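Notes for the one structure printed next.
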């Protein structure tokens, strides 16, 4: 009992145009910790309070964007069961196994493409490297954290066309719940879905968009609103490109700031939000209130929100 | 998948010596919302962001303390399954059903006594009354909150003798995980257990103590450390009896303040703490570091912690 | 010694188009406390931690904007001395006394117009009404504060043409210091001046602008960045028109949010900023860094900043 | 006008038993910046947002405690005037000049002893070294701050016998105001005095005590309550001896934590408090409310407060 099945967002592999600039950003500005490099030249990083080996993998490429996002499941049995379910479903395509070790210190991963065009992975094994503190009589944080120093990789927001199909994969096969949604027009067409596999208001989210497989942002968890201000100050000190914030989302109630890595991939650091339980009725936002839903204070979208994607 | 089985602490029934004084405390100082009174004279309250009808029930009596603590489970099927498991277990005694309606707007509850002597309940149905905001296009909090205004009832800490037995009930029957523990002496005797059925570092906790069925505190969730300061200021303005705080726990990392209701029942409001996942190795504290484990800044227990119980 | 001469911004009289709407805004949303109404229909308000009778006076009129801003001086002797100096200066025009009692519970005020066209007043006497707590054994704040509940009226930002002339009046006659300034172009033309008569980074500020006697904002002090977030949340809950924020100023380092009263007068609530001492070298900002100077995170002015004035 | 005369606490010279341990504490834990060492072996440090060369001077000695506290005045004219006034007063003893250069990069200092036995200094010149940022287009803080990183040395609390005499020196000769006081018994004997030369609630404070020339604490300014928590966490991580906190003072309303340097000298870091103006009526606390006056939440003194002095 307790949390079972799909446990959490475990990694995101991002394409960056210049690895040196990207590393400087993700390590020194965002404040992730480098844990490995592989033969392909990929760099692996983790947020400080994650115990698994890595949560962000950077790959140098000619275009920015997300290669895939991976979720940790509770066991190999669950992994096999979900892999079989996905293979059996017409909604999951390009299904197949990535062999153990393809990601450093990580077991086999089952990869599939959801109807919005995004590659998603499941895996059951990734080496525990700890959070920089002992398991016996620890302190409350390790020393020598740098930059914004989020504690965890938290979620991604992705854009794509067949939103209904993707929501089906997550809710009907993977066991996610729809915590909040945005609907448009008299037919109440679903245009945004905030999906959770835990007590967080979202572990992954999708917005309907004409093009398949677009990446909006990867988000990292900070402790509180005071840390959001420090992140904002760092953004300016380091001349990082700011998108919007500090502000609050209506959806999830989280306190947030958006900014861009040197390749144009959007990052978020956020804090707060409510505790989600599966018996909580979903929240519904209508498109006439979309501005307030996304940016609670401004009550309107900034021009970047719908158009700047990688 | 996602969160299943036992979902969360759903209520605590507390004995108070004077109902009027207690109501003033729980409603005006702590800031819970009264939702009902019953024929027995019990008063029902909820924290603002809970959707269920109530989470605290006050009963006037000659001695203070806790009557029982109840957990919501995800379905009647789970309730029946767990009830059967508990009835079959020698560790759960005084088992039996409390009929639907005995608590206002609440379904049947299965009550049992754990080896530390505490009465625990499970239930699958309690009326949803919402959080004071619509499910369509809500604001981020309702107006007119009072006092400390915690968003949720979060956990209890209980004292009793057969700690090992109680931990077995929670982990082996109810599916809880042991997130953190304190061990004493060369035999590493378990003297404190922090148990979770979710991604919170604890949903219930126990400390070994000579006497059965003692109550240490009921805890309520605040948003952040700034709210802990406001709670502390309210405690003095309202001349509430302070136990200790504002401070931080080493265990769970939570920011906290302890105080007493007019009957001597200890309350806590807290914020923060990490996200627990079931694959996270448990944290172990040794008794020589118990002070730092409980009160991270003071690094020693105050004299109340082990002795003042109801 | 200590603080002498001009002590602080003591009041601002604002023109509002609809008194009922204005009162709702300044009392219920901003959270000032109404202290009086006068025969003319003006409404007097104060922030909670001010001891003087009022700091904001609302006057219903056909156009929004500021009638005048008043500064408290330390004594009648100082008032007479400064009045004489101002009368003798060609930079102060339309000089003259407003009789005691014209503002409720306020002594005589010396009014003059500075070269940017703004009416400024000095006065030495306004009745002390306290901060809602006793002077013996007080609490740390009064009960029943409403809305954003700033502790003080802090400063105004005004726009006008002859910036150099106005700065001369404040620094050479009234004893203010120039804490920070913005200069433009190779000639380093002064385009913004932040003037202090205390240890605050500014008590009044001016920006060069083609038109005389324009009002940019009146600012009120909050305790911290957490209170700025609460103010932002209130702005949306009460559907107040937001200008920009929460964000930080580069100039003064203050944490801030701008919004509009129902008549279009801009308000600010802010927190933080450094302690100014008269031996601190002035900070200079160049116009190519004006964006970062004003809005440290965005690093660009929003379109309202230079154009929306009353 | 504005702030004149005595401007601010400018330095405190502390005796430490072991310089290496002291440096580690003041530089790495408290987070001051070392700016010089002199031929005597004294080490000079400053807080990051101070512009003057130093504010703390450490001197190795056989007993801990304070050698003297120094105040910066606005000019040599003020320095000469106050020196003459002090020399003429029977309340200031052991008066005399310390020559320029005796403290690194500091002008001549006029030293005197107040009736409580403490050596106090005045000076008009100390080299400006800046706050680690340019005066043109600065950021909002320098990089690479360490430890608690207070922005300023703020005040000292000193214990001694002839409190009335010392208050007279500060108020009648040096131009300080009595912002708050504690009185005892039916005769309202003054037992504590909080004195300000600025808009801070105190720049120096004294408590009546049988012995002369005792040092209670030197205090340093943090931005906010969140920084107090970080300071508390650092105190434990670095195993610094905690006195009390995080908590709030009733007097000044400041948020605070007390701890000890390795020699037993008490330090404080604090934030918040109100803006003091010279026309604000003084706050009076009676000894029956002394606990709440000092520690607002605990409402009682801890055993250290009155007895642990250096």
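Before moving on, here are some points about what is shown:
Going in written order, the chains are labelled A, B, C and D, and every chain counts its residues from 1.
As a convention for this text, contacts are C-beta pairs under 8 Å (C-beta built on N, C-alpha and C of every residue); 3 or more make two chains touch, one makes a residue touch a chain.
Values in this document were obtained by computation on a predicted structure and should not be read as measured data.
The interface with the greater count of contacting C-beta pairs, when B-C is set against A-C, is A-C.
Most remote chain with respect to subunit C, judged by CA-atom centres, is B. Mean C-alpha position of subunit A lies 44 Å from that of subunit C.
The mean-CA centres of subunit C and subunit D are about 31 angstrom from one another, to the nearest whole unit.
Centroid to centroid, with C-alpha atoms defining each point, subunit B and subunit C lie 48 Å apart. Counting partner chains per residue, subunit D shows two or more touched chains at residues 139-140, 224-226, 233, 236, 248, 292, 296.
Taken as a contact graph, the chains are fully connected, with every chain touching every other chain.
Against subunit B, in their complex, subunit A makes its touches with residues 1-8, 49, 51, 72, 74, 128, 135-140, 151-152, 174-177, 196-200, 221, 223-225, 248, 250, 253, 272, 274-275, 277-286, 289, 292-293, 296.
On the subunit B side of its complex with subunit D, the touching residues are 225-226, 229, 232-233, 235-236, 242, 245-248, 255, 257, 292, 296-299. By the touch rule above, subunit D contacts subunit A in their complex via residues 139-141, 143, 224, 226, 233, 236-237.
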